[in-house]
Amino acid sequence: MSTTVNGPSNNGARPQSWSQSWTHFSVDRRSLGYCRITFDHPPINTITATTVAELAELVGLIEQDSDLNVVVFDSANPDFYLAHYDIENDPGATAALGIGPTGLSAWNDVLIRLARAPIVSIAAIRGRARGAGSEFVLACDLRFASHEHTLLGQWEVGIGIVPAGGPMARLSRLVGRGRALEILLVADDLDGPRAERYGYVNRAVADDRLDGEVEAIAVRLARFDHEAIARTKSYVDLTTLPSNSELTPPVNDFRELFGRPAQQAQWTRLQQLGLNTDSDLERSLGQRLVDSLPDQYP
Amino acid sequence: MSTTVNGPSNNGARPQSWSQSWTHFSVDRRSLGYCRITFDHPPINTITATTVAELAELVGLIEQDSDLNVVVFDSANPDFYLAHYDIENDPGATAALGIGPTGLSAWNDVLIRLARAPIVSIAAIRGRARGAGSEFVLACDLRFASHEHTLLGQWEVGIGIVPAGGPMARLSRLVGRGRALEILLVADDLDGPRAERYGYVNRAVADDRLDGEVEAIAVRLARFDHEAIARTKSYVDLTTLPSNSELTPPVNDFRELFGRPAQQAQWTRLQQLGLNTDSDLERSLGQRLVDSLPDQYP
Amino acid sequence: MSTTVNGPSNNGARPQSWSQSWTHFSVDRRSLGYCRITFDHPPINTITATTVAELAELVGLIEQDSDLNVVVFDSANPDFYLAHYDIENDPGATAALGIGPTGLSAWNDVLIRLARAPIVSIAAIRGRARGAGSEFVLACDLRFASHEHTLLGQWEVGIGIVPAGGPMARLSRLVGRGRALEILLVADDLDGPRAERYGYVNRAVADDRLDGEVEAIAVRLARFDHEAIARTKSYVDLTTLPSNSELTPPVNDFRELFGRPAQQAQWTRLQQLGLNTDSDLERSLGQRLVDSLPDQYP
């Protein structure tokens, strides 16, 4: 079962594009058919406007590369896969990302295009993926998670806002109403085994076998016929993907609710507690977000 | 993680409504944000016209209380959560309940309005919930079941009728076609672990941890922002709830099939075997309903 | 809990039809309400044009028999349930099957009509079911699989084609997008426990209990009221079945992709490796199909 492994200097029609400098992840085009993206944005792999801009460019390359069959997304940090979104105290930077080719704002645009791309995207999850990090893995086609070292969640409702990157649409279809409502409203972390039982991930795999299993699947997919993959996936898309219009309204709710004084005050408390740093807060965010709530509500 | 716990005399804007006398359940408004309803209708928590009328009133209070975030429904009887519907040999009492605000007859009206209410409803299930009892938990947002002491099922097809409170619509979306057809057509009981594997409940929790886990979730939700909960849930509703029109036709099938002489005769045999009492029949209804079948069919 | 067990000579209104000679399966009408079909087409239960023609006739009998409540499909070969489709080097034989009553070509017509038939169809799976064999069990209402001796899969993408018998539509609704994409695109075998975890089957049952459990369910269903089964199932159909029009386009993709020289060459290699015989290739087809891939793709 041999494969052709090419370095970045030998990666098909557009080597100059794929081998450019990326700042929040590295790109390893392992063969014509197989590319691996490794998130690497210390200290905890937050997603910022820069990450979104780079992912938008990457997805553009993926969409147009008919040699490519499979893209694996993993993390250089075993404790954090993608922490969550960080606005870097500059909402303007996110707003400046503008509208993507789908007509939606940048983050949703990236996720929609990744989900519809004619390749197989695989999230190999080790560490924490919350908020936008969870939204990203939900937009991937397959999700494999470390049995021992995974925490997944949508924490937004716990900080008084509505998730804006599609998890109501995607989780509802993936795990059913009851479990989607629990994940979204209780807003706590799920570990690997529970994520598997709920259907949030395809499988929880023993940590020491995760990389090997994902590699075997990717190498296998890289050898398959591109057209068979693309067309078969497109029929699953028809049945399972939300319409673009379903994804738009929550963005307005997010903006409106986040702008309220109480939520701004809670955000300030989260920053004081260690948000966006490799802190105990970030390691146990599902549980510890309650420490940022007003003492007595309302 | 402190919370404000208020007695019934201190429960927000409408204490006089919440603290009225209820006959088939008790109401404990534990805090502004959190209310607990405990079914208590001896001997086996059957649902009657009275239960439906009281639940309709309760749901009306829930819909209008913007302080409230979470309602937990549990049972005072560890063996029976909600046995099933009991027409009390008086179909007129149920018919007299009339049409609710949704335009549907009372039972479906209550379930639809509960599912759409801007709060989180949690069924903490210990004991048996069959027929309308199962329909009730399916209309709740989250379902947690005792691992050791749960039996769930839709027994209607086993007595020759069509379920009338929406389980074809709700189970199909929750557990998928194959498992929904098994639950509905084989019409047998599922225990806690199987209910979890099928996705019928969010989770089966060890009996001695069930109350504590549900309490922790409810206390957490009570502190969250009401608007974030309500809006996020409303987007899940859009994707996961059946239309009202999908729920209407089976009610006519139920009436037509139940009115047949063979089904009336089977109902009489069930009553002779101990239906609506704390009998061996009721404890093992999924298995023992076959004892009410004609000796040889047809 | 007695049942009436009738031999084939005493099987209701149309014994002459049911007891005709079948070549790829045997028919055992165990009672008025219960019929068992046992696939028996040595050496590995491939599906051919003859199988489809006989299944079409059988489904016609099922649709019109108002005494019948349940049909169990099992296999005489413990290693192979239904291997996959075998065109027998004669595509014309399949084409000559023509269009069925639904307006779709024969294989999809059989599957659609079986799924909509007013009875409960049960796949009792022991051995391998891939490609069209998997498509058949997906069209059954309930699926029970041997815990130890089951391999299920859609191998088509691995040989460069698009599955043509509806698994994109049916798996997407049954197991959700992520797991459907894995099954369809990775195109590997799933064993019984994984098939249960994914929801591909209702349950994996210990091999020595499988026959007994299915028998108990069938005997139970045979005694239930036909009308209650048929109407309740029809409401689940409304929510869970794909439209006929969703099933048509992939058939064209299948034909187009299979006609390409590279896929014809791969098919020839598969035949050289032992396709359609009781070979090591067929026993481990999910893994070994890669041996038929071009050495280096593309």
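Here the chain labels run A, B and C in written order, and each chain numbers its own residues starting at 1.
The rule is simple: contacts are C-beta pairs under 8 Å (C-beta built on N, C-alpha and C of every residue); 3 or more make two chains touch, one makes a residue touch a chain.
Quick caveat, the model's predicted, so the values are computed rather than measured.
*Asks:* Hey, how would you classify the chain contact layout here, line, ring, star, complete or other?
*Replies:* Looks like everything touches everything, fully connected.
*Asks:* So chain B and chain C: same face meeting same face, with over half the numbers shared, or different?
*Replies:* Both copies, chain B as well as chain C, present different residues to each other, with under half of the numbers appearing on both sides.
*Asks:* Rounded to the nearest 5 degrees, what angle rotates chain A onto chain B on CA?
*Replies:* 120
*Asks:* Can you check how far apart chain B and chain C are, centre to centre, with Cα atoms defining each centre and the answer in Å?
*Replies:* 36
*Asks:* Would you mind listing the residues of chain B that make contact with two or more other chains?
*Replies:* Chain B, residues with two or more chain partners: 173, 175, 199.
*Asks:* What residues of chain A sit close enough to touch chain B in their complex?
*Replies:* Residues of chain A touching chain B: 156-163, 168-169, 171-173, 175-182, 184-188, 197-199, 242, 246, 249-250, 253, 257, 262-263, 290-291, 293, 295-298.
*Asks:* Inside the complex, what are the residues of chain B that reach chain A?
*Replies:* Checking each residue of chain B against chain A gives 1-2, 4, 32-33, 67, 120, 141-143, 173-175, 196, 199, 201-203, 217, 220-229, 231-233, 235-236, 238-241.
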